[in-house]
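Both complexes below contain subunit A, partnered by subunit B and then by subunit C.
Now for the complex of A and B:
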C-alpha cells in the first residue's frame, strides 16, 4: 500500500491542508462555547476563555430545536426503511423473476438516475399540495423513497448471488416469497447496510425538499431549522447560540459516520471499481 | 430453470414503480407541459407554445444566473479534483496516522449544507469571521468576501471545495488500491522518476475514476443552490445567483410556474449535454490511446 516516502515538504503541505480543514470546525466549536454578549463585535474573544456550556443548555430549554431533531430522525429513519423495502423487493423482481415487460421496465427505472431533482420539484410541490401532504411526515418522507439508484444497486447485487441457492429452495417447494425472505434477503446484508447508510445520510442532510414542503416551524427538519435560524440570527439568537445549534445538529451525523465508516468506505470502493 | 413468464413477478416491482411513476415521472412530464403554458398561482393557465423559452432567452437575470453557474462550476471542479487526487496519493498508506487524517478530510462531507454555510458565514464575514480577524491581525483590511461581486463566487467555491473534498478523495483512494503493485516495482527497476511514475502509471490507471469524479462533480455543481441561497441570497445584486436559485425564486417567490418549468427544462438539458459530452470525449480519448 505504501508508495514511497512523502518527504518533509509533503508532510508540511498535508499538515497545512489538514489545518485548513479543521480550523473552521474548531472555530465553530469555540464560538459555541462562548457567552453571546461577549461575542458581540468581538468574535475573536472565542480564541480565549472563559468558556461556558450555557448555549447548549439553552438548546435543551428550546423545544423547537429538539422538535427539529425529532423530525429529522423520523424522516431519515422512515426514508431509510422505505428505500430498503422498496429497493429489495424491486431488486429481487428484476434480478430473479421473469415477468412481462421486465427489461423495458428496468430501463424505465434507469432513466430516473438522470433526472435532477430541480427538474421535478415544482410539480412535486403541486402534487403534494393537492394531496394535502405538506407539513406532514408522509409528505417529507415520500419523495425520498423514489430512489432509482437503490433499485439499481440491489438488482446488481442480487444478480451476483448464485442462482443455485434459490433454485434448490424452489425444488424443495418454497414459494417466491419464501425464497426472497429466507434465502436472498439474508445474503444481501452488506448491500442493505451500505444502502441504509447512504440513504440515511442523504435524508438527514436534505435541504431542498423540506425547505419547500415544511413551512410550519414545528415541521422543520434540522437543516431547514438551522437555515431559518441563520437567516434571522441578528434579531434573535446570539452567535454563540447559533454555533451551538450547528454543533448540536452535527453530533448525530458524526456518530453515524464514525460507527458506519467501514460501510461508507466499502461503498466508495464499489463505486470506483464499477 | 426460471418458470414461464409469470405476471406475479410484477408484484415485487409494483410498489416501487407506482411511487416512481407518480412522484418522479409524472412531475417530469407535467413539467414539460407546464413549460409550454402560461401558469401562475391562480387560474388554470393556457397554452402559449415556446413563448416561455423565448422569454428566457431574452431574460438577462436568467443569463447571468447561468453564467454564474458555469463560472462557479469551473472554479470548483478542477481544483477539487486535483486536491482530492493529491490527498488520496499522499494518504494511500497504512497506519493509524494516515487513517486519522483521511477521516479529517472526509468529516466535512457528512455535514448538511446549512451547517456548512453556518460555519463558513463566520469564517468569511469581515466583522465576525475568523478570516477577517486574521486579516486584521496581520494589518490588512478584511476582504468583504460575501459583499463584493468579484469575491463572492470564489468564496462560494472555497466553501464548496472544503465541503466536498471527501467523496472524491475516497473514490481516488479506492482507485489507487486497484493498481497492481508490480507496475510500480517495474517502474522502480527502470529508475523511473516519481513524476514519470505518476504520469505514466498512476494517472492512466485512475482514468476511469477521474472521469467519474469530474462527471459527478460537474453535475452536482451545476445544481449549486444552498451555498448561494444561504450565504448571500444570490447577492450582491445577483452576482452569486445560480441557475437553481433562479428557479427557486421564480417558482416559490414569484409563483411563475410555467416560466420556472421552462428554465428547469433548459437546465436539465444543459446538465445532460455536459455529462454526455464528458463521457463521449473521454471515450474517444481512450479509444485513440488504444489504437
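Now for the complex of A and C:
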C-alpha cells in the first residue's frame, strides 16, 4: 500500500477503526488492574487509579496455574506437530500418488470438514474411556490430530507445486521418500507455517474436549483451569480477576501472533496457497 | 529439544505419582471457584469470607481434624455437570460432589447418585433436622439423595433511601405490597416521587429471573405447574394472571428495561431503582456497599423474601447439596463420607455467612445466625421456600426455556399468551424425550 494515496480522511478512518479494535483490549487490561470490590457496580473505576497487580497475584497464587500452562503448551505443541506430520504425508499422498479409491477417499476426508466435533463427542468420549486415555496427554492430543482441513490444505498446496520437480529428482535417482522429504516438504514451508499457527491457536483455545476429558485438576489445560478457578458471579463480583485471567491466557497467543504475523496475514489473505 | 521435551513429560508423569499413605482418600469435586492464593492452608473458618473462601477453609479444617482421612479437592468450572456426566460415563466419578437440588433428580432417576440415608444415620443426622425447603429439595423417590447445604432463592433487595423518598417507609422498614394491585400502586407512587423505576430487572440473558418470578407467583396461586413428570402447565388462567402482571410492570415502565445481570446489579448499587429481585447470593456485596460511606446504598439497604401478592406466601427456591455418586467404595471410605457429612452439618452456620439460608433448623434458630445482617428478615425463606417437584428432571434446562419465553412475554417482544404457549410446548417437547 502506498502511503501517499491514503489521504487525511483515510488516515482518520484507519485511526478510528484501530481505536475501535484496541478499545476492548485496553478496557480488559485496565479492568484487570483494578481491585474487584471497586468494580462491583462501578466498572468506570477502571479509568483511574489506583491500579494493582493483585488479580495477577491471585492467578499465580494458585499452585496449579503453571501446571495448566505447561499442559496447554504440551497439548498445543503436540497437536501442532502431529497435524503437520499427518497432513503433510496425507497431502503428498493425495496430490502425488496414484492408489485405488484416491478420489473417494479424498472426498471422504473433505466430508469431515462438514461434521462438527459436537456430533461425535459422545462416541469419542466413550472410545477414550474404553482406552483409559482420559486425564492423559494422549487423551488431550489425539482427537486434535483428526484434521481434515489440514489434509485439504496441504493437498491443495502440494498440487500447486510443479510435478517436473519430482520427475527431475527421480531422474537423479531419488526415492519417493527423498522427493517428499528433500524436494516437496521444503517448498511447503509457508503452508506449514500457516497450518501450524492455526492448529496451535485452535488447540490452545480449545475448551470443550479438555473440559470433559481432563476431569482431574492437575490435567486441566489453561482454558479449563482458569474457568474452574472463577468464582460464581465472576462477571459481577470478580470482574478484575476475570479480566486478568483473559489477559494471562492470551499472552501466549499474543506471542504466537507477533512471531508468525507474516504467515497469519498471508493465510488470511489466501495467499499461502499459491 | 526433543530430549528435553521427553524428559519434561517423564518428570511430570513421575511427579504426578503421589507417595502411598495410610489415609482413606475421598475425591471431592466442587464449584465455587479457586482461592488457594488467599486461603490455601488456612483452617480458621471464622476468618474466611465468601463461598470460595469458606468452603476452601472448611475442607482444610476437615482434613486437619481427621488425620486418617484425606479429602482431595477437584475444583470444576461452574456448574460442573458436563464434567460430572463425563466422569460417570467414564466410570470414574468422584466420591462427593456439590450439586444444585434441582439437578439431583437427573442423576437419581438413573441411579447415578446413591441415596444418602445410611450416611446420615451413621453421622447422627436426622432429616427432621433439615428445614422444610431443604428437606423437600433432597427428597425423591422415598429417599434422601444429598446432604442439604443451603437454600437459595429470590429476594427483594430494597434501597431504603429511595423508599423513604417515595414515602414507602413505616417504622424504619420498607412497606412492601400485599397484593399485585398494591405493588402497581406503590410502583407508580415510587416513580412519581423519585423519578426512578420501582423494580430493577435483569430480563436480558438471565432466564432465571423471569422463570423465578413466574414459578413463585404461580405456586402462590396454587397452580400445579408440573402435574406429572412429563408435562408442564403454564398456559392457564393462573399463568396468564401472573404473566400479565409482569407485562404490565414493563408496559408502564415501572421496571428497568434491557438490563442483563451485571447491569442490574450496577443499577441497584448506584441507586437507580427501588427494588432488585435477585438471589440470596448478592447479600454480601450489597451489604458491603451499605457499609461504605459515600455510596448510594450507604445505610440504605434492606432485604426480604418475595412478598405475598396472591394466595399463599410461598416462593420458588433451590439449594446446594452434597451428593455421593454411585461407585464401588471401601467401608473406610463410606465411614469417611459419613464423617464428612457430620462435619459439614456441624458447620452449616459458617456456610450461612455466605448469604444463603441454612439447611438446618438449629442454625436457623441460632442467635449467631440471627445476629448476622438481615438474616432475621430473610430466614422465613426456609419455611416458605418450595422447590419444583422432585420427579421433574432437566430442571435447569426447563428454567432456561421458561425464562427465555417469559422474558420475551414480560417485555412485550411477543404476546404474553403466545409466550406461555411457546414455553409450555418447548418444555413438553423436552420432557417427552426424557427417559
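Operating definition for what follows: the second predicted complex is superposed on the first by the 210 of 274 C-alpha atoms of A that agree within 3 Å, B and C clash if a C-alpha of one lies under 4 Å from a C-alpha of the other, contacts with A are read in each partner's own complex, and residues count from 1 in each chain.
Here, contacts are C-beta pairs under 8 Å (C-beta built on N, C-alpha and C of every residue); 3 or more make two chains touch, one makes a residue touch a chain.
The shown structure was predicted, so the numbers you read here are calculated from the model rather than taken from an experiment.
After overlaying the two complexes on the shared chain, residue contacts for A:230 are found with subunit B and with subunit C alike. In the overlay built on the shared chain, the residue A:176 is in contact with subunit B alone; subunit C does not reach it.
Shared-chain residue A:43: touches subunit B and subunit C both.
A simple residue count on subunit A separates subunit B from subunit C, and the partner touching more is B. Once chain A of one complex is fitted onto chain A of the other, the partner contacts of A:62 are limited to subunit C, with no touch recorded for subunit B. Of the two partner chains placed by the overlay, subunit B and subunit C both lie in contact with A:212. The residues of subunit A shared by its contacts with subunit B and with subunit C are 41, 43, 125-126, 212, 224, 227, 230-231, 239.
For subunit B in complex with subunit A, the residues that touch the partner chain are 1-13, 15-17, 19-20, 22-28, 30-31, 34, 83, 87, 89-94, 101, 103-108, 110-115, 117-123, 127-130, 133, 162, 165, 167, 170-175, 177-178, 184, 194, 208-209, 212, 219, 223, 225-226, 230, 244, 247, 251-252, 257, 260-261, 264-265, 267-268, 271-272, 275. Those residues of subunit A that touch subunit B in the complex are listed here as 1-4, 6, 10, 13-14, 17-18, 20-25, 27-28, 31, 39, 41, 43-44, 85-87, 89-90, 92-94, 96-100, 102, 105, 108-109, 112, 114-127, 142-143, 145-146, 148, 151, 163, 167, 170, 176, 180, 201, 204-208, 212, 222-224, 226-227, 230-231, 239, 242-243, 245-246, 249-250, 253-254, 256-257, 261, 264-265, 268-273.
Residue ranges of subunit A in contact with subunit C, taken from their complex: 37, 40-43, 57-64, 70, 74, 77, 125-126, 128-129, 134, 137, 211-213, 215-218, 224, 227-239. Put simply, subunit C touches subunit A in their complex at residues 5, 8-9, 12, 16, 31-38, 40, 50-52, 74-78, 82-83, 85-87, 89-92, 261-262, 265-266, 268-270, 281-282, 285, 288-289.
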